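First subunit A sits with subunit B, and in the next complex the same chain sits with subunit C.
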Partner chain A sequence: MRAYTPKDDVQAKSYYTDRYYVAPQVPKQEVETDEVFAADLAALKAKFEVKESFIQVGQMVVYINANDIYGVLEFLRDELTYTQLSEMSAIDWLAKDNTFEIFYQMLSMTKRKRLRIKFFINKGEAVDSVESLFRCADWSEREMFDMFGIEANNHPFMKRILLPYDWQGNPLLKTYPLEGDEFAAWYEVDKIYGKEARDVIGPEIRDTARVDRYDSERFARLGFEVPKGTEITGNEEPNKQDYQEEGGVFLVKKFTKDASKIIDDPQR
Partner chain B sequence: MAQHKVNYTQDGGLPVALTSIDKIVNWGRSNSIWALTYGLACCGIEMMASGASRFDFDRYGTIFRASPRQADVMIVAGTLTKKHAEFIKRLYDQMTEPRWVISMGSCANTGGMFNTYATVQGCDRVIPVDLYLPGCAPRPETLQYGVMLLQKKIRANKAGNAQKPKRLM
Partner chain C sequence: MAQVKNRLTPFFENITFDREDNELILNFGPQHPSAHGQLRLMLHLQQEQIVKAHPDVGYLHRGMEKMAENMIYNEFMPTTDRMDYIASSSNNYGFALAVEKLIDVEVPRRAKVIRMMLLEINRLMSHLFWLATTALDIGAMTVFLYAFREREYLMDIIEGYCGARLTHAAIRIGGVPLDIQDSFITQLRTFLDKLPANIKDYEDLLDTNRIWLMRMEEVGTISTEMALSWGCTGPMLRASGVQWDIRKEEPYELYDEIEFNVPYSDKGDNFARYRVYMEEMRETAKILYQTIDMYEETVKNGQTELMAHAPKYISAPKLDIMTQNYSLMQHFVLVTQGMRPPVGEVYIATESPKGELGFFINSQGGPYPYRLKLRAPSFWHTGILTDLLPGHYIPDVVSIIGTTNIVFGEVDR
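This part shows the complex of A and B:
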């Protein structure tokens, strides 16, 4: 007997994978190639443990310990003139080794340099909030909490920022389906009408190409419209596409093209 | 002095027009459809253009109101997110009957291109809709035509108190 191979999800897989495939990476350079970054890194190394550092696309990337982050950003801001936190968020590596990579993109206006502070945390761990150093981190950390479920310690208002407070799930996780899980699919129905209304309202239709001329609940055939819910037989009377009734409307004059004066002189 | 002379000798010598209650009520209703200012996304820009001088909604007696309690028609102009769904229901409930809903544009009709977790796939999942306007975004002419079709729909119905309230549930 031949071994059974499932044939229902052939389309979902790529038919060819390279066994020795290595994802392309932007080339890395030594930090010593840039003297400004080399001086900054030396100052940083004197106070904190630096795990890895390199330059990519003209920006220095520094890996540090997770619990050093407040001190490192304070040092960068006050001593090394990296006064702006451009962006911060997380990267989902849960499938690879059950970790999140957190990054903080910093900008120094005086040195005209950008550097990125990075560290890893395990799933379920929290990061230290830098909201008291950079006000912009307030919303960034809330967004990180919203999208990844990573909490920030000592944050003044650790709540969801984009999604409603009673939402379940973290949409930027790679395990979250784009079209939403069951909670997301029924969110508005459950919240407004209750769970028992699911049968009445029905599931979401997400097939954008769906056209059904026999479904008069959802579709109308142009020129052959019928009242909602009518059974379509195919012998519908054509509807005249008209904005006003034939017999005219009370106190409203019907526009007739023949009786109107057409001004064809542009220099009138 | 009045510029227009009133001709008292026509129409049987009386300055009157005879009609039925239904017609006169529907005439009033259909020619004063006050719309709720409800621009949710880019369709809202087209809705604003329809109200402005070039397209001029005032000709139909359609004036935008900032309160649902003064509005007759809700023009859902734009993407309805799941976070906002409870508020559209609340605004709809605050409107006085008879009330109508125009779903304007692909997003309000079906969710449009936002095939995501955060978008309601058609605002008719939350409130009953009278008129669906296709387009992304529909031109102001489409919205004007939609309002005229809504006027036609209002005229076609009985004006009495026994009007069947529309309920999604």
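This part shows the complex of A and C:
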């Protein structure tokens, strides 16, 4: 029987996994082990619902409700001095439980601390834009929309940013094919010449070193030159080309292979 | 033959403008030589003044995050070179450090010193390149030639170390693959001894140059609030009055043992950024002198290890692989299947020459990262053009793009 390949995750898989291998965990610490984080978390808990929190590799991770994100980031920025949004994006968990995990990486320069705000949304749901709090979210949210198709409410310009506006599919989804599909393969041809030109132009040639000796339109045949467009049979006469005009040049003796002495003794 | 009277009227007088406001949309790039790569700007102009700017990026998008999700960790290392290809070791390092934090290994001291040398040489290369191209954009050809001459010397040193000039891949997860060559330190010392005089040459040419000052001073001013809100980092942030350098504030490697200053300015204009870059070159030279001393100390103390010892994740030294069966088996598994870091998440930021270079890795215990997010500083330094350019004039666009120091391998990834 053929092995089943899941359609909801078409990414590269390790070809061998030990059945009894249990992956270890990156250790998580209690938030109480760090005074600064503990105080921040307490302040956050007083105003918002915190679902889970821990410290991992020196940074606090806080899970909140999706609806609270604007309020939480505003509170972090204005009250807790987390003035910079370093990064935000999503993680695709659609294959597991049909959700996206959104993370916001924050930095406090006065406390020298970094923390990560996270929440889950279901497929098809939108997040609240934090663009009016942090201008950099303008581009991050556009990138997230581009890569995952997650829209941000109240965003001023919710369009793709890295890919062309008419691109289909969201590349960072686990369902996105690793090799280009038909749409990607014919993208330029369809866009510039139209679908009907596919037959005329033909598929893209990916071999950059390709030489077609029967194609007199595009390739020069050194020593066997023929007029452009000639049907090539393979019996073409070699084109003898003199490198020096008949009659010679003053003081330059014409070189002829037959008249010259060829030394082929390597030990000479 | 009688002339038709209408033929004599100039053609352009027949054009009627639909818009009353005289607004002209100018398409700048993506092949403009001063756009530093593939930047397209749509500029709405009122006469020569910009009223709205719309940066359009993505012309160099290669889907690096997607590539990372389908590569084993070591395989992704050469791809990181192609982000900020002006200083590629700093990308290698950012990725290596993030994975090292994930698998929790400690890099040997000598490897740390060599890494710091490479990072700082890369910073110098990047800053020299920045100075050269920006000066060229403004019209200072001489500075371009001088700065490229010095950069060439550094690239020769790097080439002697790893064989490559631009895409180094000189740092491995867990250390560095090679010790520095014999001539490295002599060459570096020769270079560093000459550097102050070289920097003074550039400054003599630029600091009091009227054209340079007119193009730089009071142009492209970024306020502190704007810089913070747009996620600016590195020299962009330091020129806007925030003295924040990750090497100083969250020291990695051995930066906490090194004495250096963090130059900053509260002006926020192009000239402030230029000054920050120049001062940073001097600081980098200071750091490099200290790393040379640290290296010689490791030689004296006999600390010869270059790769961390973590057989689950990192291959043993070549000698062991060639002589010991178990090391060979480990190596085989690590090369064919890849390391499997523990389940967890990490975000590590390092101070690349352009700013905060962050790697966010979500590992699910497999040989491929489940999600890898590249936080490239240039992405937001391009975004800020939206708010920065309006109010300026067309010639200012060139000098502002120059001082933001954006590299499109990094913006588009």
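We take it that the second predicted complex is superposed on the first by the 179 of 268 C-alpha atoms of A that agree within 3 Å, B and C clash if a C-alpha of one lies under 4 Å from a C-alpha of the other, contacts with A are read in each partner's own complex, and residues count from 1 in each chain.
Basically, a residue touches a chain if its C-beta (ideal position, glycine included) is under 8 Å from a C-beta of that chain, and two chains touch if they have at least 3 such contacts.
The structure presented is a predicted model; accordingly, all values stated were derived computationally and were not measured.
Asks: If we overlay the two complexes on their shared chain A, which of subunit B and subunit C does A:46 touch? Say first, second, both or neither.
Replies: Neither partner.
Asks: Determine, under the contact definition given at the top, whether A:114 touches first (subunit B), second (subunit C), both, or neither.
Replies: After superposition on chain A, A:114 lies in contact with subunit C alone.
Asks: Check whether A:16 is in contact with subunit B, with subunit C, with both or with neither, and answer first, second, both or neither.
Replies: In the superposed model, A:16 contacts subunit C only, not subunit B.
Asks: Output check: A:263 vs subunit B and subunit C. Expected answer is one of first, second, both, neither. What do you get?
Replies: neither
Asks: Name the contact category of A:25: first (subunit B only), second (subunit C only), both, or neither.
Replies: second
Asks: State whether subunit B or subunit C is in contact with more residues of subunit A in the superposed arrangement.
Replies: After superposition, C is the partner touching more of subunit A.
Asks: Once the structures are superposed on A, label A:200 by its partner contacts, choosing first (subunit B), second (subunit C), both or neither.
Replies: In the superposition, A:200 touches subunit B alone.
Asks: Let me test your reading of the model: by the given contact rule, A:209 touches which partner, first (subunit B), second (subunit C), both or neither?
Replies: neither
Asks: With the two structures laid over each other on chain A, which partner does A:89 touch: subunit B (first), subunit C (second), both, or neither?
Replies: A:89 contacts subunit C only, not subunit B.
Asks: Can you list the residues of subunit A that meet both subunit B and subunit C?
Replies: Touching subunit B and subunit C on subunit A: residues 163-164, 171, 176, 178.
Asks: How about subunit A: which of its residues touch subunit C in the complex?
Replies: Within the complex, subunit A contacts subunit C at residues 11-16, 21, 23-26, 28, 56-57, 59, 61, 83-87, 89, 91-92, 103, 105, 107, 109, 112, 114, 116, 134-136, 138-139, 147, 160-164, 171-172, 176, 178.
Asks: Quick one: in the complex, what on subunit B touches subunit A?
Replies: 17, 19, 23-24, 27, 31, 82-83, 85-86, 89, 110-111, 115-118, 120-122, 125-126, 132, 145, 148-149, 151-152, 155, 168-169
Asks: Once bound in the complex, which stretches of subunit C touch subunit A?
Replies: The contact residues of subunit C facing subunit A are 57-58, 61, 63, 65-66, 69-71, 101-102, 104, 226, 228-231, 242, 244, 249-250, 337-338, 340-349, 356, 358, 360, 362-368, 370-371, 373, 375, 379-380, 383-384, 386-387, 412-413.
Asks: For subunit A, which residues are in contact with subunit B within the complex?
Replies: 163-164, 171, 176-181, 184-185, 187-189, 191-193, 197, 200-201, 204-206, 208, 220, 243-245, 249-252
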